[in-house]
Structure formats: structure tokens, C-alpha cells
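Read from first to last, the chains carry the letters A, B, C and D; within each, the first residue is number 1.
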Amino acid sequence: MHLSGEFGVWIAAFLTIGITSFLYKDNPIYKFCEALFVGISAGYWFVSLYFQNLLPKLFDNLGITKMLGLGEDNGAIQNVLAGQWDERIWYVLAGILGLMMILRLFPNIGWISRWPLAVVVGSTSGLYMITYFQSNFLSQLQKTVIPLIDLGRVAALPGGSGTLDEYFAAYLGNLVLVVGTLTGLVYFYFSKEHKGAFGNAAKVGIYFLMITFGASFGYTVMSRMSLLIGRLYFLFGDWLGFVR
Amino acid sequence: MKREIPLILTAVVGLTFVVQFFIPHYPLGFMADMFSDWFSIVAACAIWLGALNLLKISLNKVYKKEKDWFFAIVTIISFLVIVIAGFFFSGGRRFQEPGTNFDWLYINVYSPLSATMFAMLAFYVASASYRAFRARNAQATILLLAAFVVMVGRTPFSDWLSNLLFMPEGWQISNLSNIIMNFFNVAGQRAIMIGISLGLISTALRIILGIERTYLGGD
Amino acid sequence: MFMPKKILLSAFFVIILPLVVWLVHGLPGQQSISYPPYDLTAISTPGDTAGSIALNWFSLDGDNQSAESFPDYRILRSGRAEGPFEEIGIVAFATPRATPNSRQYRDSAVETGNSYFYKVSCLVDGSSVESNAAGPIVPVAQTAGEKLAVIEDVILFPPTQLRAFDSPNDDGHSISIEWKISPNDVFRGAKFSGYDIHRSNVPEGPYELIGDVTGGVSDPGRGVKIFTDGNNVQDGKEYYYYVNARWDGQIAGSGVVGPVVAGQQWFHTGRGVSLILLGILIFSILFYINQAKSGKELFIRKIAGLEAVDEAVGRATEMGKKVFYVPGTQDMDNVQTIAGLTILARVAKLTAEYETRLEVPVSRSLVMVSAREVVKESYLNAGRPDYYNDDMVYYLTDDQFGYAAGVDGLVVRQKPATIFYQGAFYAESLILAETGNSIGAIQIAGTAMPAQLPFFVAACDYTLIGEELFAASAYLSREPKLLGSLKGQDIGGKLVFLSLAIIFIVMITLLQKHGISGEMIRVFEVH
Amino acid sequence: MRKIFEKLLAIDRRIIFLVIFLAVSVPIFLGIKINIKITDEVKAFYDAVSNLPSGARIMVACDFDPGSEPELQPMTESGFRYFIQNKLRFVIIGLWPQGPMQANKALAAVNEAKDEFTVENGDTLYFGTDLIVVGSDTARYGVDFINLGFQAGNELVIQRMGSSLKAAFASDLRLGRPIEDFDIMRGLNKLSDFEFIYNLSAGYPGTVEWVQFAVDRFHVPCGAGNTAVQAPQVYPYLDSGQLSGLMGGMKGAAELEKVVGHKAKATMFMVSQTAAHIFVILFIIIGNIAYFATRGETGRKGL
């Protein structure tokens, strides 16, 4: 065991333990770390958005960078003033909208932030309408349109030596996919009472959903545990140096 | 003014994206691109707003000496520290380059904090599984069984267990979990997916046509 | 009893719709032509002052490095396409290969100016396998004037079947170039280093290099390599292209294609199916919204979770405990949050009637504002405005885990009898559900976040799954716009899906043996 | 008997926390060797990548933050290592601001060069940032790989790249220079000029968006590494061929490390992972036994 000599690692270790201390009970150290986290992450976004979005996309394109003497390249404003059309001048509107968004800080004129909000909501709505239709409706429809039994796969089966997955995929796979998807949809069909055959289909559907949830529960557990492992490895490895 | 213009904006922007999908002809493509750029700039400002809002709330806390106001100070200071470091002491546009102060804060403060926050969930999952997951009925039972198969099947432990149960190679728990993931899970997810996408589409439609206005908030 | 409307509707879904869909689907692009198994090609050897002809063909199965032996390839030549062809030489198994999977032969016994046709044949277990006839080729002797390429022992064959055309379905400024790859272009072949694309405005040049691409085919289905030229292409202007293959210092150029002109299109062909189906969906949604507005009663099936709402609130009343309501952790721009608030309206109405205390901790300031309005209104409608005060709805923090921890604390301390989680949740769902469960509260959850559903399903008494959340808000609010779109989704979305799927599945299953099912599935391909 | 069960039900959660802590940490020290089975979805990813011609350009979209580092970082590293060894060039972007920095971290981790820098005709090149050395292969910033950083706007950024990369990412991350100054960007005008997309995703925006836009609209094949939380939701895309390969969580990462033949962190972590799973399952079983045994009293009307 040889402790890490890096100051940063010690800080990280302290913070890691500080957060974890909440498991025992809420305490000032946890509160401190949480407050720190909130502040740092907000600041992180603040800075990276300036340098990676506002600066290159807005200030450079418009030429504000040049006005402030921070850059040489002409922006839209310089060009337009020089009398040559530059379609980047549209970014002025983007800038104004952005400003309106920030005005929400002041309650009395906060309503103005609805304009940029409208652009945001409008774009996402327009895109969602198309993309979800294409990728989550049409493509999935296409992939549900499959023969109930896949003769190709059946033919490809290695006689006798096949694995469980191979046999299942060949004989039942498509059937499960089709039945599961369709009955699941029946369960989500609201304008008809779930009675008789329709009701039974819905029942089958809900069982498929439950298996699905089981699967994603298993995966979530997997995920959460990995994160813990990562942290512990940091503590025991990078910090305390028990493991390499 | 307060409602009309937003509604018009939403409609124009939304329709542009929809129509442009079917009609590539100028100027629709150009407009769509332009709106995309606006979007990302507005989005950036929205996140700025969030940060500034946080600052505002924290300052209020301190000013009014509310409970835990000390931690509000911590938040404010940490915010200022990383912002100043990022803007003035990390080489401007190259602020994210390995070795800068900003990068140091990211590696040694931000990463461990956010990573640990999520790592905590491991403990909650465990205690939740212990106290909350009950085979109350047929459905919950199915859920748990599927979960078991997947949890076991996705680890090397499954091979050991399968051999213990005399399951032949290729007919083991891991194979079963593959089947669950690739067929049952896919079917279920697909049904949910389609359902939700239809919901999204109709909401989007309502918003674009101005039938749905809740997002504007009442006034 | 038959209803004409029903008959029409089913007729539409079962016959007309599939037919239309089938008719409008997009068509595949042009295939590249090749002549398996040999796919013999012949060119006048580049850099040969004497003039000769080089042949290239792909080796037959079994003729590979790992094999011990393989019959000779016989090279046949003729002056005329229809023959007769006489043998002019052989390529034995031992002869070094051009590439792992192709063979070459050089015929120097030719007279420049004449034109020749070639064939390759091989005796594979008894039966002779003959190739396509390549030609006519006229051997050209390069004169000393030209820059002479060295004649390598392996000759680089150029890309062929070059096609240039205006890129379809775009707003111009782009030209697509396709070609059949050079036979020397083998996968990660050490020596083959890709293609250069050259462009000019006049056939005789000068040509400028405008891009390069790696080897290999981009569209295996059609066996072509595709390059889209987007380097300041001007619409309406004529362009000419040729493509060079680069291989170990050698360069082999295709013929020049052109002129080709870029332009923009008014409709994206291949999105016809999308347009029709989307049209139907939009139409039916709007149609039913209208119906609902005009006061027509639209049926919605019972939703288990909702039946329980009254009972859950009632239980809290009996026990004299509080009701907690969590409208998700996302902001107002999230549809689920909005749905959550609609359901809140109903719950608030009940708590008002039962005179039960309601608490709504939220994590977004905007949500707080809206939630207050919602609750206030419900209390007003229930005739109990006096029971309402703003503190029922309060803001904790925007921070995900901060919020979770906050609610945790409240729940543990105040032990509410009933907790609702309705809206969009992330990882915090688990923390919330578990704590609520641990104090034995009745929990009714609802979210459209697939990853969080399992925790709610397992840890709560009732869960609205995915779309049920939206359905519930429609069911409770009775708002025409919600009811209408729900019905619209059912008819224009799910019914379409179900009917199309079933019909095509049946057809495909039946026709599977005849191998046209693939073509049928392509109907729904997205472009 | 019932008493015991009631006690079991009332166990203090801290005890459970402790058990999990031990279950996960003890294996870290044991260093057990385990065998990992390759699933079809990871195989599919490997096939897709290994079928790319050398020199092919891959877009690596790092859409995650330190919160999911243990799952996605190993995938990122294995990916980079494989790309460099197979002469595949890659362009790094992020729809999450932290993504590109995670990518830098991964590059530094992948780099095997011992010395700090080298001088090449005048300019100093730092190993781990300008030059990445993997075995006998070297990748150079701006030539074999580049980091374009983060861009706000979620799926709209992808949409934008569909018509122009330059519009979405004006300058690179490391030097802040216009992207057209770099070799690797020559002929890369829009998304469809890439041969492949490697997406590492921890949520929104992520794989779903890449499939919906990059794959379905601009027809660039995409393989993804996902956190296990998200993986089940993208399986339908896998089945429909919209995704060419998927690594789900640490298991996926470990499988990837196996197929590319360089066992690292993920493989090592799998032991702890296994232990953790076993204990969670035990908890559920014990909990249920106790629950049913004592149902008479504590039992509550369920679903």
C-alpha cells in the first residue's frame, strides 16, 4: 500500500467520502459537498457553454469578438456595415432571443422569455413529430412485419449442436416479437373496453411489459453497482494504493 | 403580445421542421438550419439562466439568513471559483485542455462529486430490493423472475450456477437472459416506444397548431 | 347488425391502406453490373510502350492461399465477340496472385490497333466454368512523349461504371458519384490506398482534386462506392468528374463522366409512405379533437390506477394523515409534467372535498407557479377556497438528488398515508418509491420514463405505465383536446399499425418460400 | 419464528448498505480471473467496426459525464485503442459538455508512451494529447483524430451536422482553431461523410437521438455503448438494424475488452459486479420470505 502523493486525489477522496457519509445520516459534511457540487456543476456549464457555444456561434459570427478586440476575423456586422450581405447577420435575432431568455431573472418582465421558449418548444415539437414517427413508429412497424417463423434461421440451424438462443430465435423468436409488440399495443389501446378476446390480448400484453421491466430492472441494478465499484476502486486504488 | 407572438413563433418554427422533411427545396432547408442554430444559442442561454437563477436563489438565502445559508455561501463561492478559473486562468478557448486549472477542478472536484452522487444509488437499489420488491401478485412475480435471470445471466456467476444445475453448454442461464433481452424485452420496449411516440406526436401537433398552450404557463 | 361506417372503416384499414402504402414506396437505386464468378475485366496495359492487354478476374472458390492445388485457368482470345475463342495461355495455381482473391494475366502477343475479346475458363471437378467475354479492347502503345508508368508485376485496374448525378431529394449544391470499385480494392489490402475524385467544368479540364475516399463499397446491396460532392457545387452549372484509384504508387483513372448539373427537388420521393401514414394520424387526431369539442362522448377504458385514487385519498382521510403529490422532477416544457398537473387537479379536488391535507413539493420554480394555480382552482371548484393556501405547494431545489433527499426527509418525518408520483422521473424515482414504501404509504405512480417504470411497478401499489399517464390526464380532465387526441392516436396510430402489421405479416409468412418477403418489408423502410 | 422474520423486515438499511459495501469492495482485492461470454450485440459491434476500411473516419460522440464513468470510460478507451491500432481515424464530439473531457481522459489513459513530449520540426508534441502511442501505432492530433468539443442543442446539433459540420462545430477543442485547418477534416463536410458513428451514451441526448437523426435521416451506421440503465430501451433499434452493435453497461465493456483483445478495468470490475448481483438477489429473496411469513400482520392490500 502506498498512498497517493497528489493533492488533487486527496481532495477527490475527501469529497467521495463526504458524499457517502450521507448513508449513515444527513450531516454538515454531506451538506457541504452537495452545496459544492451544485455550485461547481452550475459553473462548469456556465463556462463551457460560453466558450463552446456563445463565443464561436454568436460572438464570432456576429463580429462582436472583433469589436472587443479579441479576434481578427470579420463577423457579419463588419461585413454588412462594409456593404456586403452576410447571412450570418440572422444570428442577431438568436442573440436577442437568448437575451430575452435571461430576462426571466426579472419577474416583472419575465414573460418576454416566452418568445425564446416558443422557438425551443416549436423546434422540438416539429422535430419530434417527424423523428418519432420515422424511427419509433415506421421503423418499428417495418421490423414487426416479419414471418411468424423464420425459415432462413431454421435452415441455418446446426443440427443438434445448436444453442438455446439459436433454436429459440429460429422457431419462436419472430412469434414472440410479433405477439409481444401487438398485444402490448392492445394494452395501450384506450378507446375500447378490455373484454373478451381483446381483453385477453391486453393481459398477454401486460405480462410482456412486466418481463420488459424485469429486464430493465436487472440492468439498472447492474448500472448502479458499476458506479459504486468505480468509486471504491478509486478509493482503494488511486488514493490508498492497495490495488494497481 | 404576451401570447400571440409566441404562438406564431412556435407554429412557424415547428412547421418549418415538419415541411422541410418532405420538401427539401430552398428556403426550407436554410430556415431549418437557421432555427437549429437559434435553438442551440437559446438553449445555451437557458442553461446560463439556470446558473444565474441558482446564484440568485442562493444570494437570497444568504441575505435572508435562511436555514442552511452557510451552504448557500459554499455554492456561490464554488460557482465563482470555477467560473473565474475557467474564464481567466485556463487559456481562454483552450480552457478544457488537460493541465489547465479548469481541467484540474473538473478532474478532482467535479468528477468525484457527480460520480459519487450516482454511486450512492447502488446502496439504495440494494435496500429497495430488500424492502420494496415483493412478489405481490402474478405480474410482480414475473417481473422479479425476469430480473433474476438477467441479473444472473449477465455475470460469470451464471456459468457456475448453470453447471451446478447440470445445464449443458449453450443451454444455460446466460442464453436464457439473451433470449429475454433480445425478444421479450424488445417486444415490450417496442410497444412502449410506439405508444409514447404516438403520444409525443399528437402533443407536438397540438403545440404547433396552438391547441396546447400549457407550456406558456397561465397569466 | 352492420353499420356502413364500420364496414367502410375496416375496408379502408384492411384493403385500401395496405394497397396505397404498397404502391407509393420508394424504389432502389441502380445496381452495378458484374459477371460472377470471374467478373473478367480487360484493359490496355498502362505504361507499356510495346502495347499489351492486361486481364483481371476473381479466383473461383477453392483457389486460395490455403488450398494445396487448383486446376489451371485457361485464357481464351478472339477477334470477335461471338468467337471462336482459342487458348493463348494458362495461369497455373502456383502463379503469384494479384490480390488474395484475384488473378491477372498479360497478353503481349497483340497488335496495336486491332481489337480483342477475352474469356477465362477453368475445369472444376469435370465441368468447365467459363467467364464473361471481356472486350473489345484495343491495345494502345504509349509513346515516349507521355509520362510513362512503370509496368508493375501487378497491374492496377481502374474503377468502372462511373455514374454522376444530381443528389436526389436535397436542396441542391450536391452531386453524387457512384462507381464499381477496382478489382485491386480488397478489404484493408495493405497497398490499396483509396480513390481520388477530380472535378472540372469542361470535359478537357483542367481537373481539380475535390476529395478522396477509402476503399471498399459503401452500398453492398448495390455493390457501388458512393461519394457525394458538396464542395461549393453551384446549381445549374455543368460539372465533369473522373475517379482515380491509388495502389502502391500506381494510379488508374476511370473515364470522365458528365456533364452533370446539381439542382433541388420539390418532394422527397421515398418519404411517400411516411407522408400518407403521418397524414392519416394527424387527420384522425384533429378529427376526433373536433368531435370531442362538438360535445361527442368519446369512450376511454377504465385505468386501474385511477380507480384507486379516491380510495387512496379516502384512506388518508380515515387515518387523519397527509397526502403527498410529486409532479415529477422535470420542468413545464415536459409533456409528462403537464399530464402530472392535470392529475393533480383531480387529487386536489378530492382532498378538498374530504378536507384532507395535501402537500406538493416541487423541484422547479415554474412548476410551483403552475401547480399553485391548479390546486387553487380545484379547491375553488370543490367550494372549499378557504382550505387552500400557497404553502401547500412549495419549491425544494432544482438539484436532482438534493430534491430526492428533501422529499425523503419530509416523508419520513410526516408519514403521509398516500403518495402520488405523476410525471417525469430519473434516478431519484427509486429513492422516493423506496422511502414511501418503507413508511407503508399507499403509493400511486405514473411515468413514461421506461427506465424508471420497474421501480414504480415493484415498489408502488398502482402504476400508470407510459402512455397510460397521458390517457389518465385525458380521462380525468375530460378536456376535449386530450380526449380527442387520445382517440386519434388509437385510430390513426395503433389501429393503422395493428392492421398493416397483421396483413403484411400474414402475406409474408405465406409467401416466405417464394423469397419475395424481403421486397415486401422494404415497403416501410425509412429514408 | 415469526419474530425473526419481523426482525428481518425491520432491518436497519445501514446494515444493508454495509453488506453491499463489503460485497463490492472485497472482490477488488481478490483479483479473481473470470471468463466472459461474448453476446451477439457486442459481436455485431466488433464486426461492424472491423469491417471498416483502413483510414475510414469515425465520429465518436461522447454523451456522458463522470456520473457514468465506470461503465462508459472503459468502452471509450477500448474503442480508441482499437481505432488507433487499426488505422481508423476518429473525430470526437459531445452533446454533453463533459463528454469531450472524458474523451481526453480516455486518450491519456490509452497512450502508452513513457516520455512526456517530443520535438518535431520545431513544434513540441505532447504524448497523450498531441500524440497517442498504442504499441507500435501512433495517432496524431489533427491528422488521425481530433476533438471538436461540446455543442449545446441536443438532437438539433445532429440535425445541423447533417447539412454542415462546420456550422455545428466551428473550431476544435484543443487549439481553438477553425476545423478546416486540420488534415482529418478534409472532405468531411457533413455527417454522411463519416463511415461510422461510435456513440457512448448515458441518457438524453444520446443513442436514441443518434439513431433517429444520424442513422434514419443521414444513413450513417452507428454502434453504441450505453449505460446499463439505458441499454434495454435501445434493444429494439438493435433488432431493427438501426443500431449496428451495442455494449450495455460494464458487462458490455468487459466483452468489448475481450473481443478487441485488451483486458482492462471493466474485466477486473466484473468480479465485484457479480458479487453485488448475487447479494441483491439474496436480499430480494430474503425480503420476500420475511414478507410472506409475516403477511398476516404487515400484509397490505396490493395491486
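The definition used in the following text is that a contact is a pair of C-beta atoms (placed from the backbone, for glycine too) under 8 Å apart; a residue touches a chain by one contact, two chains touch by 3 or more.
This structure is a prediction, so every number in the text was calculated from the model and none was measured.
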item: Contacts common to chain C and chain D (chain labels); value: A, B
item: Dominant interface by contact count, named by its two chains; value: A-B
item: Most centrally placed chain, judged by C-alpha centres; value: A
item: Interchain centroid distance [CA atoms averaged], chain A/chain C, Å; value: 19
item: Chain centre separation in whole Å, for chain C relative to chain B (CA means); value: 22
item: Separation of chain B from chain D, taking each centre as the mean of its C-alpha atoms, in whole Å; value: 16
item: Distance between the centres, which are taken as Cα means, of chain D and chain A, whole angstrom; value: 13
item: Per-residue multi-chain contacts in chain A, two or more chains; value: 22-23, 34, 37-38, 44-45, 48-49, 53, 57, 117, 120-121, 123, 127, 129, 132-137, 139-140, 142-144, 165, 177-178, 181, 185, 188, 209-210, 212-217, 219-222, 224-225, 227-228, 230-231
item: Where chain D touches two or more other chains, by residue; value: 13, 17, 20-21, 24, 40, 67-70, 98, 149, 151-153, 156, 159, 171, 173, 216, 229, 232-233, 236, 239, 249, 251, 273, 276-277, 280, 302-303
item: Sites on chain B at which at least two other chains make contact; value: 21, 29, 36-37, 39-41, 43-44, 47, 50, 53-54, 92-93, 96, 106-107, 110-112, 114-115, 117-118, 120-125, 127, 129, 131, 133-134, 139-140, 143-144, 147-148, 151, 154, 178, 181-182, 185-186, 189-190, 192-196, 198, 200-201, 203, 205, 215, 217
item: Pairwise touch network: line, ring, star, complete, or other; value: complete
item: Parts of chain D lying in touch with chain A, wherever the complex brings them together; value: 14, 17, 20-21, 24-25, 28-29, 31, 40, 67-71, 97-98, 149-153, 155-156, 159, 170-171, 173, 211-213, 216-217, 227-229, 231-233, 236-237, 239-242, 248-251, 265, 269, 272-273, 276-277, 280
item: Complex interface listing, chain B residues touching chain C; value: 21-26, 28-30, 50, 53-54, 117-118, 120-121, 124-125, 127-128, 131-134, 139-140, 143-144, 147, 189, 192, 194-196, 198-203, 205-206, 209, 211-212, 214-215, 217-218
item: Complex contact set, residues of chain C against chain D; value: 187-188, 193-194, 211-216, 228, 230-231, 304, 426-427, 438, 440, 450-451, 461-462, 526
item: Footprint of chain C on chain A - complex, ascending; value: 22, 26, 34, 37-38, 117, 120-121, 129, 133-135, 137-139, 141-142, 144-149, 151, 178, 181-182, 185-186, 188-194, 209-210, 213-214, 216-217, 220
item: For the chain C and chain B complex, residues of the former touching the latter; value: 169-172, 264-268, 271, 274-275, 281-282, 285-286, 289, 332-333, 335, 338, 341, 365-366, 369-370, 373, 398, 401, 427, 430-431, 433-434, 437-438, 448, 450, 454-455, 457-459, 465-467, 470, 481, 485-486, 488-489, 493-494, 497
